[in-house]
Amino acid sequence: MTTITPLSGVIPPVCTPLTPDREVDVPSLLRLVDHLVAGGVHGLFVLGSSSEAAYLTDGQRRLVVESVTAHVGGRLPVLAGAIDMTTPRVLDHVASVTAAGADGVVVTAPFYARTHPAEIARHYRAVAAASPVPVVAYDIPVAVHTKLPADVVLKLAADGVLAGLKDSSGDLAAFRKVVTGARGQGISGFSVLTGSELIVDSALAAGADGAVPGLANVDPHGYVRLHDLCRSGDWDGARAEQERLCALFGMVTVADPARMGPGSSALGAFKAALHLRGVIDCPATAEPQVPLEQDEVARVGKYLAAAGLH
Amino acid sequence: MTTITPLSGVIPPVCTPLTPDREVDVPSLLRLVDHLVAGGVHGLFVLGSSSEAAYLTDGQRRLVVESVTAHVGGRLPVLAGAIDMTTPRVLDHVASVTAAGADGVVVTAPFYARTHPAEIARHYRAVAAASPVPVVAYDIPVAVHTKLPADVVLKLAADGVLAGLKDSSGDLAAFRKVVTGARGQGISGFSVLTGSELIVDSALAAGADGAVPGLANVDPHGYVRLHDLCRSGDWDGARAEQERLCALFGMVTVADPARMGPGSSALGAFKAALHLRGVIDCPATAEPQVPLEQDEVARVGKYLAAAGLH
Amino acid sequence: MTTITPLSGVIPPVCTPLTPDREVDVPSLLRLVDHLVAGGVHGLFVLGSSSEAAYLTDGQRRLVVESVTAHVGGRLPVLAGAIDMTTPRVLDHVASVTAAGADGVVVTAPFYARTHPAEIARHYRAVAAASPVPVVAYDIPVAVHTKLPADVVLKLAADGVLAGLKDSSGDLAAFRKVVTGARGQGISGFSVLTGSELIVDSALAAGADGAVPGLANVDPHGYVRLHDLCRSGDWDGARAEQERLCALFGMVTVADPARMGPGSSALGAFKAALHLRGVIDCPATAEPQVPLEQDEVARVGKYLAAAGLH
Amino acid sequence: MTTITPLSGVIPPVCTPLTPDREVDVPSLLRLVDHLVAGGVHGLFVLGSSSEAAYLTDGQRRLVVESVTAHVGGRLPVLAGAIDMTTPRVLDHVASVTAAGADGVVVTAPFYARTHPAEIARHYRAVAAASPVPVVAYDIPVAVHTKLPADVVLKLAADGVLAGLKDSSGDLAAFRKVVTGARGQGISGFSVLTGSELIVDSALAAGADGAVPGLANVDPHGYVRLHDLCRSGDWDGARAEQERLCALFGMVTVADPARMGPGSSALGAFKAALHLRGVIDCPATAEPQVPLEQDEVARVGKYLAAAGLH
């Protein structure tokens, strides 16, 4: 097992390529991993939201983790999502993904069930107590409809329950509160990662340890370059690279909002881009997402071209 | 297999008794089923929200369905929830609960993943195509953060995709739109059930086929009596009985909201009441719910006494 | 001044007819009042949400109240909305509408400013202390983004602060809690009115004192008939009449949702219907609402015809 | 009239000191203005959310603008909020505040009334057409429950309707879209200002023209210093100053959330701090806000001390 602490750098949430009949396309998945590793990323996060974890069966989830950890062979850390509604179900996923070789698990607040800060804390404590690997909290209000309170996260970090936070809330002010709180309290072994692909430079400038950008599937080199510019203190260069990536991210809106939701559009665009770039064999997304049409895919191609990607 | 169509009457979402170490307490579960059957209910719904389905592992879910269907032996229909985030995961649950003997499945809109009316329709069509038993749509915005649009439900009903709707939205105007729409369009084999325990009389008066009240675990006789009063057109008697049940429902607020969420409080109260009534052996709720304290349980007892239950 | 307590029966929120250049069309307004009085309504509510109060300047608001109270001359009670963000601004409106002759004021929870149950209570106490006429609480979460808690309303009613509740939340279970709470606590001089035009029969069956249905502008006779059927205990007849009105209410969706919001569509449809029925001279709605197009108006006409109105 | 274009730098939303009986305390207001000017701010924004505009009567609003513009005498630009529900009411405020000397007006999306992007655009076009001074859009979803779409803002800016955006949404990714969109399209005479006091450094690094931080009432020198550090490219120094200000901002949580809402707590803390610093005579906030208690005020004092303010 690879030590994941401290987590830092660019850790893409790895897309899950599917075959036309919606099975996991392992060869494409491994080519995608190679593409990311060649781009210089510092870790991998499988079974996240951009991985369509919510759409994968338990069998498919296991296959993804086994395939990726075996292929990576410890060269870089592999985190795995254990995305489910409540503690008992999450614990089953933790057991499954760690048996399959994951070096850390990423866990959201409870969802579907109505929750409460006291129950969120209880959830993470129970998961961490049973997990053989470090636990990273995943703050994603758009999916779970709860924002992880900064004070809850900091208390859990101080108590050694959490090894990190992946913040996909888009709320930089709250993110900063965790970053400075962890520093101010001298909490060690706790990493703060942003999941917002459009403000990675701001998050790193504010003290983040790293980023988990879905768009890094499409352009890992860009995010690694952005990370390096930030680390070297070249903030003007970082801003320019971030703005290029923001423009590229525009691809998530290629679809007609009367025809599908924003998730179908975004994941469809990422996969279309990976297909156009020759990384994966088939751009299919899981059911019940609506597929992109040809003109929408063509628009994805224009975003790639405008960003200098072919 | 028992034919579930047309679904009607009182169909409680059956609580899932747990042992102190949070395993399914099968003897208590079967006593609870007997208690409900003795109360005169017309069907059972296992693995719903009041059943803590969101908290049960796949193994526990299967055990619940197998135990209940075997015990009931076809005396009345058993619906089972197939509660998960998206189509592929729901299909695995459908396969599991129908193998375990469920006569129908109850399925929500996709959650966690952001959704869209077109994707909701696609979801139900795919589930129904693969399900060996009828599919009932479960409208529960408080859990999935989407309201099932009445026109989508009616189209799916007209196309034979849905055998029913369980509406836990609390929105009686929208509910009525489905009731009158189904009648107006002459859709047959489609039942409209309310999941709101506080307005069962109103829903039946508006034309509902039945009700799925969580509180019926505690007082099945009351809900059957309420149903019978409505069916006989004794609306004054129905209102009085409904108001008695509304007062009893007050038990869901026994807990201090600074200490736990409304779900922990409500499910904790239902189970405390079943324990106080001698139906189940242990009032434990699943993790990470916060347990009720003794004074809160005592207050549950007062609600029972005030409603004439001992 | 007309005594408004106890408020009961059908009390339409009176639409505010405008001229083509968006001034209050007083002759049309008075014709609308005559149309409502001829329909048998029991009171009038000016400056509510269906009156476009949010769109009327202070001068226009005053003109509406003065015109209507002078025209009605005490024949039936006239309530006026005092719709604004916080206590000091509401108090100015209370002073203005009561100077103009209103018999009661209707007041929402604070909005724009973030609020809290303690502040809502404080708000109503301050307004009632300064108001020369009775105060009715207006529960309209779709506008103010807060639900009035039933326990807060009941405490204020018990303390003589509130003379009534107009509930436009659509939440019949919470509405019922206020109805039965007021009865159970023996609170007198407090009326509970539903603002949901689609469940007036259900609300009256549950014990409501009356209804404030926007659609009663278009069909006052229908709502008075519905009210009378409920009062006489003819619930089958009531349901049939309510269903006719529900079908008529479908007019609120005539507009293309890509072109305008639901408010523009609903208020545009009500005014188009009043124009088609010959009650008002011009169907214009206030800025920045988007006007209906001709085919949308034609569809309003079809709803009228289907409901037997010409 | 002072030309406000291009708006840039630190432009505090000026608190409105009140007397114990809740009238505008003009001498304290002018002392506060002097305090801000002495701190080096680049403009003033009266009648914003931090000014309690939602709580001020029309007379009080007029008095504030007249007092401040007369006192400032053109030394720096004075923007005034024209905060109301819809176009006709906003236009009345625009007329009032510009008659009182405001150099620009700040206008939110419609609220209370349900709105739509097409109606938001229509609203700003109508306001700008009638306003004698430039119009700044105010994006404050926490108050109006709508997020101004970036594409709508950019189109209005390109058409010369808007002179600026004050973004209090906290969504830096969307903010950045406006910043880079305006630059990319070569839109001139349009300023982008952040209203988020906790990420001013990030916003300026991303290309913002300035900031409108409520906390600058308490510590104008700090925000001017932060601004200057950003402008000089000293991002490490900026981050340290920003973090000091973030710690100071912690004062907004001094109150018990069971006793009042977050608005009462935050505005109460700002005014308590201004009172403790000797700038204003009385810390009263407007009704129906709940006042801070003595121990809460004492805690505000500790935040001041920890930030080096006495």
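When the chains are written out, they are named A, B, C and D in that same order, and each has its own residue count from 1.
In this section, a residue touches a chain if its C-beta (ideal position, glycine included) is under 8 Å from a C-beta of that chain, and two chains touch if they have at least 3 such contacts.
If you're wondering where the values come from, they're calculated on a predicted model, not measured in any experiment.
Counting only chains that touch, the fewest steps needed to get from subunit A to subunit D is 1.
Think of subunit B turning onto subunit D: fitted on CA atoms, that turn is 180 degrees, to the nearest 5.
In terms of their C-alpha centroids, the spacing between subunit A and subunit C amounts to 49 Å. Subunit C and subunit D have CA centres that are 35 Å apart. Multi-chain contact residues of subunit C (touching two or more other chains): none found.
Chain contacts here close into one cycle, and each chain has exactly two touching partners.
Of all possible chain pairs, those that touch are A-B, A-D, B-C, C-D. Listing the residues of subunit B that touch subunit C in their complex gives 170-173, 176-177, 180, 196, 198-199, 201-202, 205-207, 233, 235, 239, 243, 246-247.
Against subunit C, the residues of subunit D that register as touching in their complex are 22, 49, 54-58, 60, 83, 85-89, 91-92, 110-116, 118-120, 122-123, 126, 142-145, 259-264, 286-290.
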